[in-house]
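Below is one structure; the comments refer to it alone.
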């Protein structure tokens, strides 16, 4: 029934959020092979985050099935845990634990790989600490290791989130706009880092991006979302202006919605 | 639908007001009477002045004893209520309706039974003394803390928790590193509030028996030694303020 | 507990209930405990319950051997405690203290002169389980041929003796029932103005506080203890100084039948 | 510095343990004794079975009375504690040290004085009846709620508040639209918890001559009518569970 | 002493956060004229947000003084309120009130202009509501007016934040990475909107941006921050690669910091 070689397999997945009939994912059907470096494009609200979050089960999709590394995603904890161990997520809103230091935040990425008691007590080995520091260094924040996460600038928080995801030593990385708050140079560095991990360790990377340039530069495959549908799925090099129009076309979106302001007044 | 809900809102509003007015009448609430009575309050205060500070030395041991009882009672309560709160929080194990119902039920029962009665129950078990007092406070506090902990768990920002869950880490690790840091300031507030509350209850209920400050207060009140009672109340105020201060300092550290 | 062995190893556990009127003794019982230890040769462990049900339950569960509480409490304890308790001594108040009974008080301007006038008037008891503030008040009324439930106006339970006398002074109720021992203290402390209050009737004397032991205590210990309590001596009076009591008289359970009658007449016989 | 703080941490740890052990000894805490006493607890429960449901009809009035008093007491407390909490929150008017000290002091005092004594004070002012009971609960609850409200204000996310302040809107508008929505779930928890707690504590009504459930309970206990007491406790448990349920529903709406 | 014509005047302003000696603003001295459209560039952590936040007094600077519309910024509430009324802020982290609807969030931007009682009770006039809805429509979110703010996608939240700032009817708009979470098309629309407001209503706009392209396209003046210092202050058209190197140079930042990982291990 499914390609056992695929890292990610969406099988006619549809979803809408409670209290809203509009489909945020609309019959998404796609496969992402192991080791692919895939970028997701789409307008604000197109469903990119929902798509990414559905792969770790935080969005419990209403229809269809999702397979990660050949295992079907099922919404009970042992199954979810098993799948999540191999999937690292970089969140659009960072989701750092504010009252912990940055080092602790990064170490949190390793929790699932260390024994339960040590995990609960927060006893990390020197090696683990060193690894976490190295990761912080890789994102340029070694000096901020012992600062609290809420004392960082936006871009710094984003980078701690990236370091945490890398600490997880995953097989798949899902990154939701990982460079949105970063300057061009740092963005480039982070993309480079992800690419390197992708190549060297054959890790599947799925990134949602708003910078088409970056997507073209780093992405191999490009998936375009519009209104919850996959409208474009192509190789980066072949992305045409027509494709971009398909993804970002303004008129299309407007068709589906009803803008009469008067009606809205309570 | 919009209209209907407005109507039902108005109905609710009217019935609340009606109940308020009726019950104020039923309870014979009367601000005028209160204002007229203010001189009597001053008279009472006047009669308890100056506080009889000579009893202070006599209060040291009872106060210490009471504090010990409160600390142990709170400590035991913290341990058990933490466990129960996991089940009473809808966004943790409480997502299972049976567990939720069961733990909420236990917590509700624990705090519905007055500490006086818990004291009686434990006196039957372990005899008179301070031990039943500790147990009574522990059980009662467990009911209160468990509820408060659970609801502050329900209030957390789900983001960081999702982040930790997305690593595949087990529930307890997630609780430790995503939930605990988030509820820490509330947990400190509740725990020290409860400690303080236990100090006060142990004082007042005489739960500690002859050794406690509560006993002294009751005796003073019964003998109408208001000046002594005032001194004891001052001691309580100082203890409470100290706890409040410590709570504030601890919270400042973590907020 | 109370195994028979060498006397010093025998531990006798005495429970004290802080009855409203004996609050003072609790602070001052230490010399008396010492006296008892010396007299009996046992080790006496005294402990105080937050209220008398706690002491009764402690006896019931076998955590106490002796108990000292009020007469009503004793009567109730005889009903509750499985192995039974039995009074063996009663605490005799020092000469200067007021005899213990229920009194009926009214405001000085009231037209009520005696119990005959109180039909249809409002009356305040303290609380249903209070010996002097309720039980003996009711007992007196019934003996006078007045049914408190039908012949009186409003019947309220004010919760305490002071609330009771205050509401009489403030004319919130016509008649208040309270302990004879409390009134002088209220006047002395300025809770009420004694001139505003008039006593219109009083009950029979209420039996004094009994000291009781658990019935399953070994006979030799019982004897020894009874002796220590009831032997009058200067040493004992001295040990009791400041407690409001001066000695103990021997009593037995029948001496408290009066309480049982009073409860029965008041309609509060515990059904156990 | 790192080392020194580790040392002081160890010292604190050791002294906490030492205090714990010493006080456990001092209080004669003994788990064994407790375990040995468990049969006695069952015996006590056994003696109160079956609950005497025949008194239910007698309980209707006191229960209603208790509820009314608790609701009014809580309501008055909410009004005043809301005002005081603004001053007791360090991130609001409490940033002024004098205001902070003053309001904290008032709150600490209000809750340090036992409700029993507040009841007495208000009886002196307004005479017997339910009114002094309402006032006593109100004053006491004000001390508790004010502290809890203040600390939940201190816990808010400063971001949205900054956003509203950056428009130049006045403090009260900022409180209404940035702070209130953030503390709403906690405020519901605390208010209904306090209401429930007032239902439970409405014991003091007995002391001011107004009856109430708590008073009935004490009387039943004193007469060793445990079967009646159990019925009253069941009524309290039901009330508490209902409040808990309402609290949960309300919070679900706003979380 | 100061140019009364300037919308914003920084007078040797320095600042460092508590518990950290490093200067986040380092002798910042500049003037921004009324009606300017000014973009701020800088690496992640360069001090852009601190710079912007210092203008509304949320960062209480340690040294120097700040003048807004000729009034010195002083840290007591009546002075702050007066200044803040004319300054609208778009936050990097949106700072929406999650439990309110989007319309309510936008209406919050008008609070300072309506009578206190109405403000506290939330009684807005039809006109005000209509205006708020129009603003939501302008950022493409008219359909989301009655949704709660926490049910939006990242970019949608960002746009609500923008609408709220516009609702304030300000003289100065400070925007902290207002298009970071937006796709290129929406970004363009938002920049266009800001530009239009800037031109039509002569409103001063200061925007921190990471997209150099956008900065070049819309900004008239460009200010580059590095390590808390203003390193570049030039007209957009004249921005050279050398300037960019000055702003984004990696080696420079590294000089100031100490990366030895071993030392950091606790």
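Residue numbering begins at 1 within each chain, and the chains themselves are lettered A, B, C, D and E in the order written.
One rule holds in what follows: a residue touches a chain if its C-beta (ideal position, glycine included) is under 8 Å from a C-beta of that chain, and two chains touch if they have at least 3 such contacts.
Keep in mind the model is a prediction, meaning the values are calculated, not measured.
Can you name the chains that touch chain A as well as chain C?
B
Name the chain whose C-alpha centroid is most distant from the C-alpha centroid of chain E.
When every chain centre is compared against chain E, the largest gap points to C.
Between which chains do we find the greatest number of C-beta pairs in contact?
After counting contacts between each pair of chains, the winner is B-D.
Using the average of all C-alpha atoms in each chain as its centre, how far is it in Å between chain D and chain E?
Roughly 44 Å separates the two chain centres.
Just how far, in Å, is the C-alpha centre of chain C from the one of chain B?
Computed value for the inter-centroid distance: 34 Å.
Please set out, as single numbers or ranges, the residues of chain B touching at least two other chains.
Within chain B, residues 116, 120, 124-127, 129 contact more than one other chain.
Scan chain E for residues touching two or more other chains and write them down.
Those would be 93, 266.
Which residues belonging to chain C are in contact with no fewer than two other chains?
Residue numbers touching two or more other chains: 51, 53, 57, 61.
Looking at the whole structure, which two-chain pairs count as touching?
Those chain pairs satisfying the definition are A-B, A-E, B-C, B-D, C-D, D-E.
List the residues on chain A that touch chain E in their complex, please.
It comes out as residues 17, 20, 41-46, 48-49, 92-93, 103, 126, 129-130, 133-134, 137, 142-143, 145-147, 151-156, 158-159, 177, 180-187, 210-212, 248, 250, 257-259, 261-262, 264-266.
In their shared complex, at which residues does chain D touch chain C?
Contact set of chain D toward chain C: 37, 40, 43-44, 123-124, 127-128, 206-209, 211, 215, 218-219, 221-225.
Report the residues of chain E in contact with chain D in the complex, numbered from low to high.
Listed in rising order, the residues are 56, 58, 77, 80-89, 91, 93-100, 104, 108-112, 116, 119-120, 122, 161, 164, 168, 266.
Any idea which chain D residues touch chain E in the complex?
It comes out as residues 2, 159-160, 162-174, 176-178, 181-182, 184, 254.
List the residues on chain C that touch chain D in their complex, please.
So the residues of chain C touching chain D come out as 51-53, 56-57, 61-62, 76, 79-80, 124, 127-129, 156-160, 163, 166-167, 170, 172, 268, 270-272.
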